[in-house]
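Comments concern the structure below.
Each chain gets a letter, A, B, C and D, in the order it is written, and its residues are counted from 1.
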Amino acid sequence: MSYNTFGHMFRVTTWGESHGPAIGCVIDGCPPRIPLDAGDIQPWLDRRRPGQSKFTTQRQEADQVEILSGVFEGQTTGTPISLLIRNTDQRSRDYGDIATRYRPGHADVAYDTKYGIRDYRGGGRSSARETAMRVAAGAVARKVLGAGVRIRGAMVQVGPHAINRARLEWDLVDTNPLFCPDAQALPVWEEYLADIRKKGSSIGAVVEVMAEGVPAGLGAPIYGKLDSDLAMALMSINAVKGVEIGEGFAAASLTGEENADPMRMEDGQLRFASNHAGGVLGGISTGQPLVARFAVKPTSSILTPVPSVTREGENVDVMTKGRHDPCVGIRAVPVGEAMMACVLADHLLRHRGQVGS
Amino acid sequence: MSYNTFGHMFRVTTWGESHGPAIGCVIDGCPPRIPLDAGDIQPWLDRRRPGQSKFTTQRQEADQVEILSGVFEGQTTGTPISLLIRNTDQRSRDYGDIATRYRPGHADVAYDTKYGIRDYRGGGRSSARETAMRVAAGAVARKVLGAGVRIRGAMVQVGPHAINRARLEWDLVDTNPLFCPDAQALPVWEEYLADIRKKGSSIGAVVEVMAEGVPAGLGAPIYGKLDSDLAMALMSINAVKGVEIGEGFAAASLTGEENADPMRMEDGQLRFASNHAGGVLGGISTGQPLVARFAVKPTSSILTPVPSVTREGENVDVMTKGRHDPCVGIRAVPVGEAMMACVLADHLLRHRGQVGS
Amino acid sequence: MSYNTFGHMFRVTTWGESHGPAIGCVIDGCPPRIPLDAGDIQPWLDRRRPGQSKFTTQRQEADQVEILSGVFEGQTTGTPISLLIRNTDQRSRDYGDIATRYRPGHADVAYDTKYGIRDYRGGGRSSARETAMRVAAGAVARKVLGAGVRIRGAMVQVGPHAINRARLEWDLVDTNPLFCPDAQALPVWEEYLADIRKKGSSIGAVVEVMAEGVPAGLGAPIYGKLDSDLAMALMSINAVKGVEIGEGFAAASLTGEENADPMRMEDGQLRFASNHAGGVLGGISTGQPLVARFAVKPTSSILTPVPSVTREGENVDVMTKGRHDPCVGIRAVPVGEAMMACVLADHLLRHRGQVGS
Amino acid sequence: MSYNTFGHMFRVTTWGESHGPAIGCVIDGCPPRIPLDAGDIQPWLDRRRPGQSKFTTQRQEADQVEILSGVFEGQTTGTPISLLIRNTDQRSRDYGDIATRYRPGHADVAYDTKYGIRDYRGGGRSSARETAMRVAAGAVARKVLGAGVRIRGAMVQVGPHAINRARLEWDLVDTNPLFCPDAQALPVWEEYLADIRKKGSSIGAVVEVMAEGVPAGLGAPIYGKLDSDLAMALMSINAVKGVEIGEGFAAASLTGEENADPMRMEDGQLRFASNHAGGVLGGISTGQPLVARFAVKPTSSILTPVPSVTREGENVDVMTKGRHDPCVGIRAVPVGEAMMACVLADHLLRHRGQVGS
C-alpha cells in the first residue's frame, strides 16, 4: 500500500519524481473564499530552492508553481487545489551507474526490494525534490491559519555545533542562508561547513520549528494528537531520524519539579510560567508556542567510497559523483515549517468540525 | 474531530475512560484463521499491569481481557475483534478537588478548553489506563506477524542514568521490574528511583524498542513511511515527548562517513556492516533490526505543590494526593513494544495488498 | 481488508456476531456536551426489535443498550462512545447443519470462500443482528442533528403492493407494526403477508426514508457527495439491492421539463416548486426534504428446499428450519432511518469543519 | 469537508474544473511492474469523448492524456500515477448570465450556498468533464485487474424505451454511438432521441455495467461491502439518481422462491443456476458476473425556460443556451464501467492484503 496523502480535513497528496516531467500536489478540503494566487506560494518555494548557497546542492530549478484548479478569481473555491511545478533541470546524463549500483544510505535498495522496480534518475520518488510540494502546500496552509498564527523555523545545530539558546534571535534567521538564529554560531557553522564541503563529506543537523498564536484546543485524543500527527509529519521528511516536542529527549533527565509548567491567571488569561511541554498537553494545544525539533542525518552522498552492492548482487564501492549536498538539514528548515503549517491547518478544521468554533 | 483509531489495514480503535465501567478496543482487518484466545493476550497485559513494583502506581487492576467477537473456535474469522477489560479498581472517593483544580502538566486544562467538559475521574480518557488496550492489540499484532518477527523493549535511561550499551543484555529485561537490560545499571536505578519515590518526586526515562526479523520492503513512500507511522504511534503514548529511529538525534553530530551503513553480499544475502539507519531507508524496512527510542517525561503528579488554576479561573497550588507514579517510563516499555507490533502488522498487510507477497 | 467503520467526522464502528456474547459499536467524533443517556437510544432499539409482530423473526432479545464510555454526567465528552448489547437469546441448539450446508442466498458460501472460516451460528457477522448497532448509532446521530432535523421512514411497497402516494400519511407509520403509511394498503399487506408466512415463503419490499429540516450546503464534491454516501450507507444494510434518491429510477423515463424543480424566492427564502431531485443537487443538500428509497430482497430463508452445496462440495437441498422472517423489509425501516441520520450527522460536522458554520 | 478521493488501497483523487487550464487525477497504491503507457488509457477516453454523435454535447476536446509520474520505462513503479488532460475547448464567451442566474437542476445554487463562491464557467467542478479522469483511472484499474476480468457497459433504457433483455447482445454495444445492445431498440432510440433533440428537450436513461471473471471473495463486511462501495461509486457519477445490484428494485416484488439462486457443484466447481443476486452475497463476490444498473436523470439544460432565481435573489426564467446534451446517460456508459473497474481493483488489493491471495 502506497500512501502519498496526509491530513484528514486539509489533505495533501503529492506526486512526481525528481527527473520526470513535473512534480505536483493536490490540496483537498481547503476552506472556500481564501485569497490565493501563485504569488502567495512562490516566495516559500524560493526560500527552499536549492543552489542558493554553496552549502546546498547546486541543482538549479526555477520551481515556478502553477495553480491548475480550485482557485477562481483569486479565491479558493473549496474544491481541490492542484499545484504543479515543471522539472526543468533534468540534466541529460548517463544514469548507468546509479541504475544498478545502490547508493548506501539511500532508498535505492529499499525501493528495489519492495517494488522490484524504481525510477533511479535523481532518486526518483525518494528525492528531496518532493519536499517542494510540501512547501507549496504549507503556503496554502498558512493562508488557512491566517495571520494570527506565525510559524518559524531555524537550524539550531550543525554537526557538533549547537546554538547558544540564550543568543537565539528569530529575526536573524532570514538574513543568512543557513537559517541560523545565533550570530555567534553563524561564522562557526560557515567555517565548519566549508570544511565539510571541501572534504566531500556531509554532516547532520537539528532544526527547530515553532508556531505562535496557535489557538488552544487543537488536537484530539488519542490517535489524533497534535504532537503525534506532527511527529508523523516531520519524520516523513527525507533524512529525518528523530522528532521531539518541547523538552523532548531532555525531559528524560528532568524531575517532575523541573519539568513542571506552573499556571496562573493574569488579566483573566491563563498564563504558563514556562513551556517545557512545547505547547501541547494530552495531545491538545494549550495556546503556548508549539515547539518541535527534528534531527536530520548527514546525506549519504559523500566523496568517500562506501562498500555497497549492485542490483545483481555484486559487491562494489560507491562514491557520489556530481552534485553534492554537505548539509541537507539546511533546506529542511522551510520544509519543517510547511509540515507544521499543514498539520495545524488540518487540526484547525478538524476541531471546528467536531466542536464548532 | 476526535480520532481514536490508528492503522490502515490492521486498524485499532480504543475507547474507555479510567474510571468508567470498562475500557476496550476493536481490531478490524485482522487476517482470518489465526489461532487466538485470551491466553495469547493476557500475559502481555500482565506485563504492563501496574502495582507490580513499588516504582509504579499502586492501582490494582486484574486487567482480565474478554474477547467478545471476531474469534470462532479458537481462530480469528477476519471480522472485527472486540476486546474488553472491566475496570475493577474504581475507588469511591471524593473527586471534588480534581474536578475543579487543573493538575499542571496534565491534560485537564486542555480537555476542558477543547470540549468544555471532561471526565475528571482518574484522568478520564487521558489516563494511561488506555494503554492497556494498546498492549492487547499488540498481542494480536504479534500473532499476525508470526514467530519470525521478535519485538522487544527495554528502558535504556532513567533520569540522568543511561545504560552502557556495551553491557546491554536483552535477556536481562524480563528478570527485573524496571525492564533494565544492564546488570550494572539496575542497582543504580533502583536506588535512584527509591530516592525519587521517597521524595514524592518523579523522573523521566528513555525506552528502546526493537524488532528483529522484519521482512525487507515494509513501509512506503511518502506519507506512509514505516518510520513516520512508527513516530506517530510512539508519540501518541502518554507522556512521550520524543521519538527517534536508529541513530536518531545523535545523527545530527555525525558525518556521512560515520553514519554510513556499508553493504555487502554474504552467502547470497545482503548484509549491512552497521545499523545507523535503524532498519529503515526511504521509509522502507531493509531487513535489519528496526530500532526506535522514545523519551518519556516525568509525570507531573508530584508531592510538591505547583501553581495552577481552577476551572473557574482562580489561582491555586496543586499537589498530587493518593497514588503516585515515580517513573511512568517503566510501564511504557510494553506499550512501546505493542505499538511497534501494531505498526508492523499494518504495514505487512498494506505491503501484501499492493505488492502481493 | 475488512472494514467495519463508516463516516469521516462522525465515525461508527460496529462489531459482534449474532450468537457471540455481545454486539457493540464505537462512535468516534461526536461533539461534546450533547445530553445523552441510554434512554435516548433505547426507544429506537425497541422500535427495531424483532418479535413484535408475527411478520418478523420470533427471536426475542431485550436489546438493552449499555453506554460504556464517552458520556459523563449525562453529556457526551467528545471522546469515543462505546455502546454494548448483550446477546441473550442464544438458543443452545445443534448447528451441525448450518455449519456445513450453505444456505442459498446467504453470505455463508461467500464468507467461507473469502476467509476459509466463518462463525456460522445464526449467520455470525452477516446476521441482521448487526443492524441493532446502526440503530443505536443513529439515535446518537439524531441528537447531533438536533430537533430541527426530522428523519422518518416507512415501508412503501410489499411485494407487488405499493402504497398510493396520494394517501401517504406519515403519522400512520408508528401506529402499525408494518410501518405502513397508507391506511388502505395496510390491510392488503397484512393479508398478503399472512399468506406469505403461512406458505413459509418470503417477500421483498421497498422502504422510503426522508429527512426534513436538513440545512442547505451539506455534502461535497465529488466523492463525498451526500447522495453517494447515502447510497453506500443504505446499500450496506442487509438484503438491500437498490437505492434511489428523489425520482430515482423513474427519472430515466422523464424529460428535462418533467424532471425540473422550478425555483422561486418567497419571502426572501428560496423555494422549490417540486422535489424531483430528492433534496440534493450536485451532491449537496438544497434545504428541501432529503428523500431516499431502497429495495429489500426477500429473505432466502424459506421452507421450500433449494439446491445448494456443502462446505465439502456435495450437492444438498437446503430448507430453513426454526425462525422465519417473511419480510425483512419491515425491520429495515428503523435501520434505514438510522443510516440516514448517521450520514447527515457526519456531513454536518464535515461541512462545519471546512466552511465553518 | 471536501472529498475528492475514493478507494482505500487503489485510491483515485481527481481535480480540475471544466474551464480551468487542465483536469487531472492521481492514482495512488497501484501495484508495481504493470505495463502502462498513455496508449492504454487513450482508447477509453476516446470512447467517452463528447461530440461523437449528434446525441451528445458538441464540446470538442482532444482529451489527450499525459502521464506525469509513477511510470518508468513503460511500467508502473508503485508510486503515485499523475494523469493530466489539458482543457483545449474553453470557448471565450460571456459568462455573465450563468454567473448570476442559477440553472435549475444544476449544482449552481448548491455550490454557492455551501461555499459562497463557485467557478461558474461551464459548471466548474460540477461539470461532467470531471468524469474523463474517472475513465482514465478506470483504464489503469483494468490493467490491475488483468485480462481475466472483463467489464462491459450498455445503455438498457432511454426514456420509456427499455431493451428487450432476450435480445441483449453485448457485441452490439461498440458498434453504435448509443451503446445500445439491442438491435431492435437502436432505431427506436435514434428516432426518439432525434425528436428530443429537435425539441430542445432531454431524457433520462438506465445504464447497466457488468464484470465477468471477478474472483470470488472480493468485498468485506460490513461497511466495506463490494456492492455498497459500488453504490457509492456509481451514485457519485453526475446525474445518477439510483443504483441497483442484480435484481435490484425488482427484488421487492419477488418471493424468496423466485429470487433464489440455486447452487450445485459441477466438475468440482460451484455453479449457480441463476444470478438474481448480481454476483454478490453478504457484500462479497461469489464468482458470478457482477451486475449493476444505474439511473441517469435527464439533463436540466433544456430550451424551455424554467423559473429560477439569481444569486442576488431575484426571480428569473432560465433557458439553456449554446451546447445541449439530449441524453447524458449515453456518456455515462464508459464512466460506469470505469467506476466498476476502480472499485474492483481496490477490493482486489484489499482482499489480498487481509487474506493474502
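Assume contacts are C-beta pairs under 8 Å (C-beta built on N, C-alpha and C of every residue); 3 or more make two chains touch, one makes a residue touch a chain.
Keep in mind it's a predicted model, so treat the numbers as computed, not measured.
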Inset, instruction - Touching both chain A and chain B: give me those chains, sorted by label. - result: C, D
Inset, instruction - Check every other chain and keep only those touching both chain B and chain C; list them. - result: A, D
Inset, instruction - Mind checking chain A against chain C and telling me if their interface is mostly the same residue numbers on each side, over half, or mostly different? - result: same
Inset, instruction - Please work out the Cα centroid separation of chain A and chain D, and write it as a whole number of Å. - result: 39
Legend entry - Chain centre separation in whole Å, for chain D relative to chain B (CA means): 46
Legend entry - Between chain C and chain D, centroid-to-centroid distance (C-alpha), Å: 26
Inset, instruction - Find every residue in chain A that makes contact with two or more other chains and list them. - result: 1-5, 8-9, 14, 29-30, 32, 78-79, 114-115, 125, 220-221, 349-350, 353-355
Legend entry - Footprint of chain C on chain A - complex, ascending: 8-9, 29-32, 78-79, 220-221, 349-350, 352-356
Inset, instruction - Spell out the part of chain B that touches chain A in their complex, as residue ranges. - result: 1-6, 8-9, 14, 102, 104-107, 109-111, 113-115, 125-126, 130, 157, 159-160, 196, 201-206, 216-225, 227-236, 241-265, 268, 270, 273, 276-278, 280-287, 295-302, 304, 306-309, 313-315, 329, 349-351, 353-355
Inset, instruction - Mind listing the chain D positions that touch chain A in their complex? - result: 1-5, 9, 11, 13-17, 20-24, 26, 28-30, 32-33, 66, 68-70, 72, 75-82, 114-119, 124-125, 349, 353
